[in-house]
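Take a look at the structures below.
Shared between the two complexes below is chain A, which pairs with chain B and chain C, respectively.
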Partner chain A sequence: MRAGVNRTLAVAANAFRETVRERVLYNLVFFAILMTLAGLLLGQLSVRQDEKILKDIGLAAMDLFGTLIAVFIGTGLVSKEIERRSLYPLLAKPLSRGEFFIGKFAGLAFTLFVNLSVMLLALMLTLVLTQRRPDLGLLGAVYPIFLGLLLTVGFAMLFSSVTSSTLAAVLTVGVVIVGRYADVIRGMREVAPTIPPALVNALFTILPNYANFDFKSQVAYGDPVPAGLLGWSTLYAVGWLGVVLGLGLASFRSRDFQ
Partner chain B sequence: MSLRLALALALAATLVPLSQDRIDRRAGVFRAQEEVLYLWSGENVKRLVPGFENIAADVYWLRTVQYFGGQRRFARDKRFDLLRPLIEITTTLDPRFEIAYRYGAIFLSEPPPIGAGRPREGIEVLERGAQALPGSWRLRQDLGFFHFLFLNDPAAAAKVLTEASKIPGAAFWLRTLAADLLAKGGDRASSRQMWRQMFEQAEEGIIRENARVRLRILDSLDTRDRLAAAVAEFERREGRRPARLEELQAARLWKGPLEDAAGVRFGYDAATGRVFIPDTSPMWRPD
Partner chain C sequence: MSAAVEGRPPAPAEPVLVTRGLSKSYRTGHIVQGRRPALVDLDLQLLRGEILGYVGPNGSGKTTTFKLLMGLVRPDRGEARVLGEPLASRAWRVRAGYLPEHPYLYDYLTPAEYLDYAGRLFGLSRDARRRRARELLALVGLERSADVPMRRFSKGMLQRAGLAQALVNDPELVFLDEPMSGLDPVGRRLVRDLVLDLRKAGKTVLFSTHILSDAETLCDRVAVLRGGRLLSVGALGELLRVDVTHLEVLASGIARDTAGLELARRAEPVGDRLRLEVEEGSLARVVAAIEGAGGRVLGVQPVRRTLEDYFFEELGGAPAGAGARGSAAWGEG
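On to the complex of A and B.
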């Protein structure tokens, strides 16, 4: 058991190093420039709304950059190893497919964690430098963003375990977009009453609702996000991750690499 | 890097600012902005940016402020056509954007050349804001102020201010002001109190400056009225109207300045005895 965990962590550490080597964290430089420019200019342009807008920009950038990393790196995590044939010697070692799959997921999750943490620190620093209070309440939005990104990585890995990395990226982007429109699907009953309610309910249930990870607006206005709500969001993410990673793993295990 | 490549790079890099300078000389540094809004419905914009509504609202708000400033400063025919839709889109994307309602209403309500001169639309924006943010007494306060200041409707203003005074945390003077409006039917003192409140509540910027100007206009109107009273007194004593306002000073009926708060000399019609703020003065506003 312990050896298995160690092997998984070794794969995770390797996946993290790989993303760093691929200069994924360079997006932080762009984020730093964005925050600096926003801090300098918004006070002049926004009419008393610089703090709110700084938080909006910071949180939206975390969500957007994180999603891009989750999709484009997530879809390559497994498929690249297959395409480069570097997977074969790995699997010949005492390393199970499950350890490899989960290790890769954990590695990218850690990359996203580092990415979000640095962005959050940069946002706090910008707030301090513009004579604002460093708002710890921002964590109430950043943590669910992280959960949403983990789910996106899960989908990226699921799709990349059954198809090519390009198609997997397209499918993952599709799921993320549709997931952000989940409320529209739920509201279809009012807009189009002829659609059977069971169909609407089924659609709403089988698609991830990314709105459950979106508390940016509340936090930007300084409202606290209730711990209970964050707890349910965490459970929602854990449930979905269990399903998605389980399906991905099952598919990866059943693949014939001969 | 070879010398040739370095030279080519340096040449290319020089071309950029040089060509920009030439373009600016021909087309002007501040070129006319395209007055186009591709999406007129906030709901449509909202559907395009799921999860990013707030930042989209910020972008539209910045555009609103820039559009208003640009029209005010550069446009010859200040129509402010896009102002209302920009405010609507901003507040649909982020219904809690209180400043967008408050400032947007000012932008819409102030008479030209300061604003769009559409106070009813300004009031509609505030009403929408009061619906979206029922706990905001400031929005209702502004709504009451606007009913009085721009629509000259003290009864409606008093009703809204009374409602505002019932919201938890509301300023204590709202109820008194509402009572004054009902009792006196609205006078310059009420206007002064409202603009004074707006001045004191606003931070440095467009709204505070606007309130400052409004207070100076009220000062100028007071001075004008006192001058008109001095003209009437002169006529009563001398049996004729003064030919020029300086005669009031010679007759010791006037000691103050003959200029308004902007330093522009008051107009005077010797035929009718009317004293007025000339339309060349920044203190002039249409009646």
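On to the complex of A and C.
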């Protein structure tokens, strides 16, 4: 058991090292910081809205850049290894496919954690410099963003374990976009009453609802996010991740590497 | 080949790899699907301490065999035991090493980092990993490039790094899929010496190659594959019947139509000399004919049947496009 955990951690550490050495990742962090600085400039143009605009832009940048990393690095995590055959010598060692798959997920999760932390630190620093005070309430928005990004990585890995990295990226982006408008699906009953309610309910149930991870506006206005809501977000993410990673792993386990 | 025979360990007996009826086919086509057999009913035994050459032309099933053994593809039917464990078990992998064909090793890592990573997967301690990485990098001649990212490596350097990772756990059984591929003569010599060192250390090696001279130089036994089927397995001596097949006589100062030379199987001029292929029983009479005609015998060389001859004579030649008789290597398989 312990040996298995150590092997999984070894894969995770290497996946983290890979993403850190990808220049794309540095660019995204750089651009996120630029967005925060842009927010700072915009804030100076508004009256009393500067803090809100700064938080809005900062949190949106974290979400956007985090999603880009989750989709484009996430879809390559497994499929690139298969296409380049770099996993052949690894799977010949006492490393199971499950340890490899979960290790890859954990490595990118840690990358996203570090990435979000750096962006959050930059935003906090900007707030201290402009407002003379940090806002720890930002964590109430950043933590659910992180959960949403983990789910996006899960989908990216699921799709990339059954198809090419390009198609996996397209499918993952599709799920993220639909997931962010899941509430619109629920509202379809009022807009289009001819659609059977059972279909609407089924669609709403089988698609992830990213609204459960979105507290950006609330936090930008300075309203705290109740602990119960954060707890629900956590449960929702864990449940979905269990399903998505389970399916991805099952597909990865049964695959022939020709 | 004689060099390889010298210093061999006592006759190996215990099988470390046994396959029975191992078969694999791949799906072909998208709309109308069929199946192409890649390996059919492979019954193979690898004995402890031996180097078994796994040879065959393109698409003969060599790489599929390695992939099946490494768990990269699943067999349609059949079974295998490796180091006394069932194929699906991961216990034997702690004691085995594998070099895939054309290995891609993470180009963002240095070989030292890659070996450290590989060592972690075997549960080696940090000190053991560092020591092993140093030893292996020196062994494969990469000690000066230990901290250079592998994206700057040549194909040959990558192959050597791949070989090092296959040995990181000091395995007792080593699977090498085309280890000479992409290597320059120096690199090939290095790998050859390394494989011979492995045998001296009592390791067992399954070694696939399409370079027949390498198989002849290194292997105790050879398994021959064609079209996914194992055609024969045996000691090179048995397989090739290494007895002298004929003698090659080089002579000067005589014409091709000299009386007595009709005993030669073949006579062809080489510059101002004549090369004759002579049966062992006719040698004395041919030499006498040369000397009787005022010529001079410059040399007599016994000619043995080579593995390449075996392929071309007994298996009906190389597959289409694989080259004419006399080529030293086939395509990859």
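One rule holds in what follows: the second predicted complex is superposed on the first by the 241 of 258 C-alpha atoms of A that agree within 3 Å, B and C clash if a C-alpha of one lies under 4 Å from a C-alpha of the other, contacts with A are read in each partner's own complex, and residues count from 1 in each chain.
Simple rule for what comes next: a contact is a pair of C-beta atoms (placed from the backbone, for glycine too) under 8 Å apart; a residue touches a chain by one contact, two chains touch by 3 or more.
Source: prediction; values computed, not measured.
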{"item": "Chain C versus chain B on the shared chain A, clash or fit after superposition", "value": "fit"}
{"item": "Touched partner set for A:129, first chain B, second chain C, both or neither", "value": "neither"}
{"item": "Superposition-derived angle with apex at the Cα centre of chain A and sides reaching chain B and chain C, degrees in steps of 10", "value": "150"}
{"item": "Which superposed partner A:220 touches (first chain B, second chain C, both, neither)", "value": "first"}
{"item": "Which of chain B and chain C A:29 touches, first, second, both or neither", "value": "neither"}
{"item": "First, second, both or neither for A:63, with chain B first and chain C second", "value": "first"}
{"item": "Which of chain B and chain C A:180 touches, first, second, both or neither", "value": "first"}
{"item": "Which of chain B and chain C A:91 touches, first, second, both or neither", "value": "second"}
{"item": "Minimum distance between Cα atoms of chain B and chain C in the superposition (Å)", "value": "21"}
{"item": "List of chain A residues in touch with chain B within their complex", "value": "45-49, 52-53, 56-57, 59-60, 63-64, 177, 180-181, 184, 210-211, 214, 216-217, 220-221"}
{"item": "Chain A-touching residues of chain C, taken from the complex the two chains share", "value": "26, 67, 70-74, 90-91, 93-94, 96-100, 102-106, 108-109, 113, 117-118, 120-123, 162, 165-166, 169, 175"}
{"item": "In the complex, chain A residues that touch chain C", "value": "3, 6-7, 10-11, 14, 17-18, 21-22, 84-86, 88-96, 256-258"}
{"item": "Chain B to chain A touching residues, read off their complex", "value": "47, 50-55, 57-58, 61-62, 65-66, 94, 96-97, 99, 103, 203, 205-207"}
